[in-house]
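Each of the next two complexes has chain A plus one more chain, namely chain B in the first and chain C in the second.
Coming up: the complex of A and B.
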């Protein structure tokens, strides 16, 4: 778990990652100095509302920052190798094989003109140099593993014949086909029906564990986090505002934003408590408020909040928070 | 593709032919001009004129003439040309090779040149090249092919002597010489259309780059070339196929004009003669023929589209 210093190199170490968009002089800071660590076989979650920079963080790790954006600083070390310094060819060799991703949009993420089989097989043949027949056999196994009852028939199907849940399972099969060290799952269940969200999530966790793949789960859904994550990073407006082991975060949330997010989760055991939404919305990264970026929405904001961005301080082992309300938060 | 689909398409094709035939017939009912007077001259002997009218049946009421012509077409007889006094189908057959070789060569040039060029221009984008490319494409699209034909003759035929200035060499007289005789007219037709297709191909490729499946392909760890040729190209080809289908009609119209410039004895030249002579059976026959080819080509395009895109059901 996090906190305890280890002699071994972490699987993924992100330090002060900055991904900016737009002009050099007045950049839009979508990700503005994010740091986190992920150990082998661990599941770590990044949580936050839409627009807080979590998806861009995921894409930055993959080297797939959308057009107009650039990594302006920081380090992304996968098993000690800094990915940001790699050239295009070297990064290409890491993607798919050591680092893969499942995207938020199952309906559009598959190539509409290629069969499911073609899309999985090309990966196996390209990375693992399997023969045609081996690739077909392995694809059938993979589709079987993600819960398709007639995997052989599915190979010849085109994506438009499949439901969102089925497509996302195909994406998961594809992403795990080369048994990568790390899978980035960006809102993998958000676009799916509530009834199959849990099913797909459980599948993701089980299969990742089978092939020893660590998972970076990007989500806005705290209910999802509580089930699968070992450690949680809460992001707000391009910054990590709180970081804690999952149990700690749920039992003792310190940042008012985290508390707000938790108050939004319907809990059966606490059904008497009313759902309290956080007022307002995430500020767009080109119009950030001064000081603490959450202050305008914060129920506890006081005079000091707009003065400067508070630092991330460790309040107990493994539990960090970026808020003036907490001792030591004076950076 | 089902047999009901084919049956429906053939029905559509037949309907198109009927509508076009009716429209042509009506047009020549409305516009002034008399084939007999055109042929014999205004000072001809009235008895001769009357006899000729009797023979050709131009004095019959329009409905009867249309009925007579339609009966003929249904039995495979396009009638006899007034101007040439020969069967229309024989006249067309004599000349179809000329127009068809120009059209096919032009189409071939468009596909072979414009599609790869569009791909290259989409992949190698830069800030400075953007206005140059779009200006070149604009100019290319605006050039009339008859003017281009004249320029090509003056450069490649008169100055360089590489190609004949005009005239057609049939296949039987040598394939190389035959192709040489239609090369310049094909290029003249093709260049403006190449500009159109380059633009479509390029825009379509650029448009596809921003789709999610491209990001997925990159996330799977494929190099740019693999993503481009295995993933993007197939998707980008769909609008290009559509535009190729539409362009075929432009090519056919283009042959009509360019045959005048190069003095090629094709269907275009025949059509112009037929119109000025008010040679109704010949006009009808030609229009039917041209419509048939264009419709057939569009059917082939639809089938090609279906082959590429499994989401399109041909029902």
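Coming up: the complex of A and C.
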């Protein structure tokens, strides 16, 4: 199937993205050369611990790099158009319309001074030029689609009156309001109870299928990833260290970091037991170790690891790993 | 007569008055915890699970007597501490019952050094020389995996996982019998979660500590608990030995909760069908009549709407499996 990848343009193609913070001379390299692709209707996950650069990657795609940071190199092509060169006005028209984002904490991304209705209608009127009446009608439909039993009444509510799960559903309704081609969901269920998480994941899956939206899921929760993603990229200290179709990654993880993450996952089907934690913590991006960035925490590290950052090599079709234990491929 | 259990909670109830208006008239009551009973032995762990708003944290705070309960008994080492005076609590109980919280960022004083944070309980509870205290602090820091060389550092210089280690060190320095941990790993990354859970297991083995481990994450509770309590709207829905609860649950709420937990799959098998509960938890100021879960229960019948089910054991067995349901599920295991 993937014999001739260049015949069709991927929905999203990220090439060697570098997002750096701080002074030019000694930059802090939060995202340090990340590449991935996303096809239409696909759900792709980026996983890793906090501080791995997953969220900065998501924000970079949206053109929302936090203050003090800059995109130092690389390309982000949405349907062939490079987003990095776009000016503010062009990006504003794409953001929300073709590309939208849901964040972990919906309270900080909803405007506390505007009602739910005003916030959704604003998007619809700005991007789709709907009339006020059309926007209200569409808002009601959207809120109904995300599972609110009395959507009309909700239009007049302020965000602080809603529970966490309700706010997250409002965010999803807003994010999907213009039927974007790509939805970036950054830890969309992390702050929610499992029962609400199940509602929200089900909703994302159903809506993505209905409106043909591709989803880039950013999370540290491997169980969620295994349930919803088609393909997974594992990030560590600003780099992709392994990438594989979901089933392959979970049944045959190759990178010691991926193996370590999987060993830490607790499961409701396993009795009281000893976990096998990864020792140590993620290095801060301003104090990266030499060579392989995982080497200081890696149980298999050997003399070669600190010499240079290993390349990302393809060990079999669609499965790439950045580790000297797997020197296969062409590197 | 055998020695009393370490902890025996019976009929514990806590409600908060809702006050409104200029005169702060009491308008109603939030029924945070209602009629909760359970026991805990030394060296064992009881897990308490439930959604946010289920009363988990209130229950914990009552047990360590940060809140005075409204009614019930809390027998600790054979003595009822539910209504004990603060003076007696300080003398007999406080040092033996310690608590750690979810957010190690807000539970540690940012202006204090590691040394003074861990040393403070010793200064309050014991008359020891500075040298002796220093020795005990160093011992406990090493025990929880913190380098005593960091003792002059302040909380912001540590990572989240290290801060939780500091909180554990501060709790352990008094050699408690019982540690109440309220969502201790929920704010941490998976790899750090595993480190903290493993540390708690090691400490339990070495020191014979008993834990009350509160979490909304059922899979973490499964890894550490001997017995699990499922709480909903402040009431016990089901309680059983962990292996039994996860395999042979009989309460519809437990079923829904477990079915909602995502599971890592390495093949294309599907788990049991997911039960998506509709709606949100009811308001605790006005809990539903009858069984509190009936408004979201897929199996609710008339009797559930009218009659409160008592917490009782299943007829065919007595392994400490109790539940509050008129129509327990059958057919598991």
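Simple rule for what comes next: the second predicted complex is superposed on the first by the 315 of 331 C-alpha atoms of A that agree within 3 Å, B and C clash if a C-alpha of one lies under 4 Å from a C-alpha of the other, contacts with A are read in each partner's own complex, and residues count from 1 in each chain.
Keep in mind that, in the parts below, a residue touches a chain if its C-beta (ideal position, glycine included) is under 8 Å from a C-beta of that chain, and two chains touch if they have at least 3 such contacts.
The structure presented is a predicted model; accordingly, all values stated were derived computationally and were not measured.
Enquirer: Fit or clash for chain B plus chain C once both are placed on chain A?
Expert: Overlaying the two structures gives chain B and chain C room side by side.
Enquirer: Check whether A:93 is in contact with chain B, with chain C, with both or with neither, and answer first, second, both or neither.
Expert: In the superposed model, A:93 contacts chain B only, not chain C.
Enquirer: Give one of first, second, both or neither to describe whether A:174 is in contact with chain B, with chain C, with both, or with none.
Expert: A:174 contacts chain B only, not chain C.
Enquirer: After the superposition on A, what does A:202 contact: first (chain B), second (chain C), both or neither?
Expert: Once the two structures are laid over each other on A, A:202 reaches chain C alone.
Enquirer: With both complexes superposed on chain A, which partner does A:302 reach: first (chain B), second (chain C), both or neither?
Expert: In the superposed model, A:302 contacts neither chain B nor chain C.
Enquirer: Check whether A:276 is in contact with chain B, with chain C, with both or with neither, and answer first, second, both or neither.
Expert: second
Enquirer: Once the two complexes are aligned on chain A, which partner has more residues of chain A within touching range, chain B or chain C?
Expert: C
Enquirer: Pick one for A:101: touches chain B only (first), chain C only (second), both, or neither.
Expert: Only chain B; A:101 stays clear of chain C.
Enquirer: Aligned on chain A, what is the least Cα gap between chain B and chain C? Give it in whole Å.
Expert: 6
Enquirer: Going by the contact rule at the top, pick out the chain C residues touching chain A in the complex.
Expert: My answer: residues 51-52, 159, 161, 189-195, 197-198, 201, 216-220, 222-226, 242-243, 246, 256-268, 274, 276-277, 279-280.
Enquirer: Using the touch rule from the top, collect the residues of chain A that touch chain B in their complex.
Expert: Listed in rising order, the residues are 62, 64, 67, 88-89, 92-97, 100-101, 103, 105, 108-114, 122-123, 126-127, 158, 160, 171, 174-175.
Enquirer: Mind pulling up the chain A residues that touch chain C in the complex?
Expert: 49-50, 149, 163-166, 193-199, 201-202, 220-224, 226-227, 247, 250-251, 260-279, 281-282
Enquirer: Help me check something: in the complex, which residues belonging to chain B touch chain A?
Expert: Against chain A, chain B makes touches at 210-213, 215-224, 226, 230-231, 234-235, 308-311.
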